[in-house]
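Next, two complexes with chain A in common: one pairs it with chain B, the other with chain C.
Take a look at the complex of A and B:
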């Protein structure tokens, strides 16, 4: 198996906050152009792991990563990495939809307006493409200049996704993207995840086992600073082999 | 039975105190109107535009209005860039403990009595200004402006810092996730978010500068005239507040001179009240 065909590979990676370690020597190859869901008890560092892949943890005092973290062919914790370019090719969507107090259009182009100002002429087209990808275009095409905050929570989350997709990232990180949404909006996001995996490698942190079953191809279960178990989502969620996984899955029933 | 009587008494007693406080506030405004209003009404433009002030002959407020506007404007010009730069540095680059230390010091400075600044102005600032610019004495509009700039610096700095620092973490996180650098986040997320708060801080500072009496009085020179040419900041001048401070004791609380001073006080009151109310509204309104 050629390791370069994986968009995200971690090898002997340890993550620390100060002297406390969050993960010890974990290794995993994330399936490309597929959805990998990360599940596990609260406080085990699922978000920390996710945010390692676009170095969003850099902002946190005391955070440290050792070992190799390969993302899109680069070992991203090496010194000469352009973190800002990395974050454009590794998009992230957070738990709570975050829409800036600006128009819908300004929200979609928020990043590229500042990072790729030379492409100004394409912005209108790119906006349409991005909004179509998140199935928001027909809903908002006549009101692009209205405030982004006038949209519903579910629409706001799709808007946030469009804002990320406009810079055409290969990888999408999703940190419990539906946990603050109503069930219908959550379903809409799940449908999007399924349609986006054709062209994107997606890592999804979720507490919702049903969601993990519905959208993911692979699942990893993290607990006590390690990856206890990983494998095809269906097998791991239906028939886990590790005791911790079984206990965790049983809690929800 | 007696328990209810107690509550009744408490209710009425606190109501009476609240009413008294309100009455005092409203009474002061009414008194200002009563004492100063007719003078403005009767003399109008002659009072507001008049260039000379000779008690019992003529009362022209223009030099004082000009003086207040000039020193306040210059104080802002000197103070704002410095205050904003320090606010940005404190909010964005200091760790939480250092930040609180800096803010603590700024809040102490904001509370230093005007007379203390005034004394420093007399003993240091006006001497430096005299020597640096080769003047006869250092009591000038420029000295008052510098002193006010120092006095309003902590107000602008600490309130602007609050505004910048209150930018929701989610906004910063979202922008950072899109690949924006710290600098870009500052300019396209934090500062736009903080703009109303910064504007409010500046308005409150203007209010403070306009109302400052003793410090300005000690260094402004006390000359009731609009400089010739008007932009000559090395000339002595007078602000509304310093005029009031200097002459209030000369009058006996009645007569035309007194009414003219009360008219000045009325103008000052309205300027400061408007600025403070609007400034507070901006600061509180945007935090919601």
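Take a look at the complex of A and C:
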């Protein structure tokens, strides 16, 4: 184990779709075992940045990253990277909860069933651990064989999180994880984020300034292909120094 | 004429054309079933043909048609699934994507008699299988490949993107993702493709007439080099005996059975297709 496993560092990174650049020469060291929220206007590439860290953008034709992207101690856009192992150590949760039309149990073990079939005997224990981590265990322990789609939206999002956590990632990426949930379920996810940061580095894309205030330690504000401003969440959100950030934050008021 | 009147006339004209299109099918169904009805009986479908088909039933013809249908889909389905998966999951270059689409469309538009002759040259002559049910099944497999391929590809391409993304994000390799995400969630498309392919194979006559079938004296083939009798060719030959009323009635009877089989499959495909949207959208 090395301490690097929780690291995300970008140095002079530029991201492109074809010839259009999304980010130009950005550099940032993300805080380890802490929550960093990424805020900024729509369409500025917050999700693109997030999906760079587990190379989810590889699927998109014309996507290109230059510069260094260090994740868990590896420069992940180098050629000899095992991108599949990378994605297991960097979990991601999407905006819309994705639950397969299978049982709750099958949903939780969806990845490890194929990736670590030799651990089959541990699956039941791992499932319980993962569901406990997302505070879903007591709600579903008696109906693990019922369809995952029978759960509420908020429960589905926690189920998706459990599916990611079961392979024990060090880094968690969250792409607006509460934007399709009701306020109560959203709070439950926020509480989870706070409990998970003890053992995970978390990067959270959010449009909800209140949420950024409640859960994040650091915040970066992205705009016009740059990181305009970064720093402790409280300071940045209460007292931003950059005009763009101020304009953005004032829109919501 | 006012604008509203024009609009009314226009919609009426379109409605009339639609009605006309539907009446074609109604006419065919009526013509075939009303004439085939008199020949139809349990004996007709359970006994073999005698007197060159003018008497007796169509047992081996039904068997031959079903054998060709199911043998051809068995050969075709793995190829259709494999090509559809390769095209959607591995083939990156848009040039080859387009080229492959044109290739499939050309194969789809190939006159079946040409496909039959070329297939016979290759399977029958070059590989030495001769006039046999296997030659016919291989030709039909090539013929229905575009149909099955298109249905499967459509199912894969309309797979919810978040399923694919979740599979990728968990660290599944492409082959694992195909087995865990793509195939289980396109199963209805695969079934639809198979049923549509079967229906096409069941109706085909030209491609198998000289390559896979014999008119009389055949029962259940004992080896892969023997021909079979089929409903399609049976109908064709009997229909030429316009002077013998029993033969004609048997031709209509055989046509009714063939239509019944094909219809059943198409209805099956439709009902499966309507279940494609089974996932509740949020």
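Some points to look at:
Definition applied: the second predicted complex is superposed on the first by the 247 of 253 C-alpha atoms of A that agree within 3 Å, B and C clash if a C-alpha of one lies under 4 Å from a C-alpha of the other, contacts with A are read in each partner's own complex, and residues count from 1 in each chain.
Throughout what follows, contacts are C-beta pairs under 8 Å (C-beta built on N, C-alpha and C of every residue); 3 or more make two chains touch, one makes a residue touch a chain.
Here the structure is a predicted model, which is why all the values come from computation and not from measurement.
When both complexes are superposed on chain A, chain B and chain C clash.
Of the two partner chains, neither chain B nor chain C is touched by A:241. Of the two partner chains placed around the shared chain by superposition, chain B and chain C are both touched by A:59. Of the two partner chains placed by the overlay, chain B and chain C both lie in contact with A:163.
Contacts of A:124 after superposition: neither chain B nor chain C is touched.
When the shared chain is aligned, chain B and chain C each come close enough to touch A:98. Residues 54, 56, 59, 61, 84-88, 91-92, 94, 96, 98, 100-101, 110-111, 114-115, 160, 163-164, 167 of chain A contact both chain B in one complex and chain C in the other. Residues of chain A touching chain C in their complex: 54, 56, 59, 61, 84-88, 91-92, 94, 96, 98, 100-101, 110-111, 113-115, 149, 153, 160, 163-164, 167, 180. Touching chain A in their complex are the following residues of chain B: 95, 170-171, 173-181, 184, 188-189, 193. For chain C in complex with chain A, the touching residues are 92, 94, 162-163, 165-166, 168-173, 176, 179-181, 185, 278-280, 282. Residues of chain A that touch chain B in their complex: 54, 56, 59, 61, 84-88, 91-92, 94, 96, 98, 100-101, 110-111, 114-115, 160, 163-164, 167.
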